[in-house]
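Here subunit A shows up in two complexes: once beside subunit B, once beside subunit C.
And now, the complex of A and B:
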């Protein structure tokens, strides 16, 4: 039996726990209070940022926030937009569709922001975009989903600075089938974003005379992956993987354990390794495999001045990790979109001489009239073509090879290779 | 299709699943059996074990094996202390009332989850396995650490059974489970027994978390699935029945492994949930439980 001594040993942790609980309660209550306090001020441009601070997209949310704050600091240093300072109001949506919609409603009703930007996960976007349309709230995605360009959303929703899955895949599938193989096994997350990959890759490989030998969907909340691996057929020539969620590192580790040295060719979307360090022993097997990157994580030999400027301002080193903590690897192929989107919003607002909601329609029309962005400090990822009808941007895609535990740029597509015929025309919709 | 490699992989995956389930579900079963408390926060104790292992790995220098062994001891003690505190601060106050404890442990679940989110953060964190070696079969490779999970679980469950059968604390626990009032009349401090049982139950879940984390990652939301599966196991095995829980953990773990590999993990989940429904309809005391006392 336990004696009194043992009992008293538990006194300290208990007290600590209670203090912890109280502090947690206060911390949880705080963001709402802060939000309400700033919502009162006038003559500023307020941008709502529903970031994935928690939930399965937390790694992205952390870096989206850092990048947005870095870009915002530059904009305000340069005098804001049309002489007005720009203020960021961040709400955590928990990477949850329901909370994404709630955040949108809060931005519209309580914070009365001028625009909302920065949503990433496509299931959250799918739920939030229709609500943005109903609330007539300009809504800028940083998401990669194809739903917008497919005509599923509305005139208020734009994706000006990150390309969609359809254009990414259609431009890279030819390279993949020419260089790696034609019998492809797809591994993708079991929700909207993954289906974009499945559908577009299947069509693109068939167009190349290739074949999808297996199509493996894995829930993004999964924690253990070995049991999915037997579905990879032995005649696979190329494994194409794209995975998201907190378990991505486990996924790539278990893929390596399963395949060993007799692996087929592997082509991955960098999503499978965003926020994950490449140079760990369990990932040695990735040496010589290929990854898609929107923007190369490792500073390349021929690094340009824009990339340098961007890394310095966001606080990212040449390996794509935080300058403060080399283990804190960024989501480099996604977060530039937040930076660039802020400058795109700025450009549209300046074109429309935006002072407040009265010029909202003019601002949206200005956005639709933009035909592209040139590579610069504001748009460090590269040149972009913007399609005002489909509200979607097109840009260069990069294929990198793992060499000595780092990603080395192997091939960059032209923007023309990424284009496909329009599937919708939002300018025909009324505001 | 050559079926042998699939069968081998399915069996291995099933055994790993069964081992972890055995530990977590035994904790849940023990708490229900002795205290009649349905502990909804059980999955969070599992998560805390995993997070504890990460803290040990971060703070303790040297080879990963040292931190891992330390985590196997320290994390369950830490979690046991939290459970002890929760028992004293919450469950005792509501007099272990069955309905109230369900609501209270739901609250406890959120408190633990949110406190972890606030302190540990929203990111998944990897913990290095104490050893890293992949066993290569002709068709696929398999992490040897997972064999260690199976071995460790068997040893721990064996130890627990021995403790329950042959130690004085075990005897007192079983006496309290069998008849609370008589036990009290014989001078057993039921309150003290409850505190110990709640702590031990949580510690079992925490050990499960420590064992699993090198093969997966620590994340503040990871307690959900183990909780669900533990409930499935405990209901199928018969609430409060220790041998039933062990048998059900093996049944559910193996069927999950086989169905996941040969069909799909989603089907495996459907099957185990369906099994619960069927057991509740046709044999509510569980496959291995005795009819109500």
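And now, the complex of A and C:
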């Protein structure tokens, strides 16, 4: 009994707990309930950043946030935009479409930001972009989806600093066909991301006179891939893989066990291994294989000053990992888009002499009038052509080879190789 | 008609008056948040019919929410069906899905019931991915601009208007609340509770408990699907994430926090959870840890949820 009494002394009475929880709830709920003080137009430029802090995109979100803060520090050191400091407001969208829409609404109605940028995962973008249009909120994507360039969104949505998947794949196919082989087996996850790769690569290889000898879709719930391996035909010259998620290490291991040393050429998208160290035993089998990269993760022998500047400011070492923790590998092939997008927004706002939301349309028209960006500290990934009609950027693509557990740049495409005919014209759409 | 539990009826009426009045005092963002809360509260109220009143813990209600989302969204997307008709089709879709699945899963009990509902929901989720050519898969389908407004009684209702959306959500919530009040506080509701408290005894008294559970399951799934149809049409997006396991868990958590087996518990639980996530995520990246701790606290100290605890201690009519 004594024990029980002693135990109960440590227990919080329910009534106190209830009162405490109610008070905490009220305190949390109070701000924003009936509006909050909002900075006046002309005080500050506020940019909303709905990053994937949690959920399946958390690794990307962590690095997008670091990169955005680094770029913002530079912009503010340089005097901000049109003499106004720039403030970053970050919300977590949980890599979830529902939360993505909520974040957009919060930016528009509560934070009253001037623009929103930084969404990556295409299903979150697909849900959020229509709402951005309805809220008349400038929305800058750092994704790779083709939906924008295909005309699925609206005049408020832009992708000024990262290329789309159609452009990436169609520019890879000629090199693959000429250097690795024309008989290709595709291995991809059995959902929309995989279908984008399947459809674009199939069309691109056929245009090169190549052939897709097998198209292997793997359900996202699979944890073992052994039973799919026999579906790889013997006449395969190139395996093209875009598996993503935690299963990728198992996939590579089982691919190695199945094919052994008599393997065909292998080409993958670095999306599979973003934020994953390449020099780990589980990935030994990838030695000598090729990857697409938007921006080379490893500092190359001919590293330019812009790449050096960018790495230093973001805090990334020559291996693409954090300077504070060599095991914290970055999402190097994607996160530059956040950096560059901030400078693209800055450029458009300066062109429109943007002072506040009343000039949103002028700012968007300025963005549409931009024809490209030159490689610089602001645009370290490389030159870009920006298509104001489709709101989509085109840029160089890189093919790297795994050598000694590192990626060595093998080939860089021209921008012309990445272009395709316009599929929409947002400038014909009203604001 | 006999009005059972008049105190609860008065409270429900007061809540509806309060909710209607909120649109005149809340900030614009809070109106948007309240709109979402009302729709998700309808989902949780549907879930509560089964879990709270009938004692059947489903882990697969995302499939009914998604049935409403897809049935309404796809007829709008592919056939240009007007929003009110699409909404009705969404409800019908959820009704059909819950009736057919109910006929099968109610052959199981307790843990088996949880597992089978979970498996059906996973199968439904994977189906939305498998037929991505039609459903849009994880990328989803964005409803066209033409589906963002509709004409009703000579008035054009714009789904991009915050107040229009709030009032539509409020109307659906009010109808659901009144409907569920009539069901739960009347003879049918007593039968649901009888099954929850002692199914064998209910059967011994001559009731067909399978049929009672089927009614509860179908009402629950249909109401959940109605929330899904409203959510999809209101936000203009249809995607497989609505069918994911997380959606089922959200309904469970909203109900657990608010109070299973209380009519207004799901509204309270949805409000608490939604606002906590909304506010805390702006303060810390560890907000899910805080919410996890809250859930542990509620489970340990208030297993009947907030309104359930108040009912057990002070207000027995709060059911």
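Just so we're on the same page, the second predicted complex is superposed on the first by the 350 of 431 C-alpha atoms of A that agree within 3 Å, B and C clash if a C-alpha of one lies under 4 Å from a C-alpha of the other, contacts with A are read in each partner's own complex, and residues count from 1 in each chain.
FYI, a contact is a pair of C-beta atoms (placed from the backbone, for glycine too) under 8 Å apart; a residue touches a chain by one contact, two chains touch by 3 or more.
No experiment lies behind these values; they were computed from the predicted model shown.
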First, second, both or neither for A:53, with subunit B first and subunit C second: both
Partner chain(s) touched by A:296 [first = subunit B, second = subunit C, both, neither]: neither
First, second, both or neither for A:223, with subunit B first and subunit C second: first
Partner chain in contact with A:260 - subunit B first, subunit C second, else both or neither: first
First (subunit B), second (subunit C), both or neither touched by A:106: second
Partner chain(s) touched by A:118 [first = subunit B, second = subunit C, both, neither]: neither
Which superposed partner A:127 touches (first subunit B, second subunit C, both, neither): second
Residues of subunit A that lie at the interface with subunit B and also at the interface with subunit C: 14, 17-18, 21, 28, 53-54, 219, 221
In the complex with subunit B, residue positions of subunit A that touch it: 1-2, 10, 13-14, 17-18, 20-21, 23-24, 27-28, 53-56, 58-59, 61-62, 219, 221-224, 226-230, 234, 246-247, 249-250, 254, 257-260, 275, 281-282
Of all residues in subunit B, those that touch subunit A in their complex: 5-6, 9-10, 13, 78, 81-82, 84-85, 88-89, 111, 114-115, 117-119, 121-124, 126, 132, 134, 136, 139-143, 168-169, 172, 189, 192, 195-196, 215-217, 219, 221-222, 225, 257, 260-261, 265-266
Residues of subunit C that touch subunit A when the two form their complex: 25-33, 36, 126, 129-130, 132, 136-140, 142-143, 148, 160, 162, 235-237, 239-242, 246, 272, 275-276, 278-282, 285, 287-288, 294, 297, 301-302, 309
Residues of subunit A defined as touching subunit C within the complex: 12, 14, 17-18, 21, 25, 28-29, 31-36, 53-54, 91-92, 96-98, 101-102, 105-106, 108-110, 122-123, 126-127, 129-131, 134, 145, 147, 152-153, 190-193, 195, 219-221
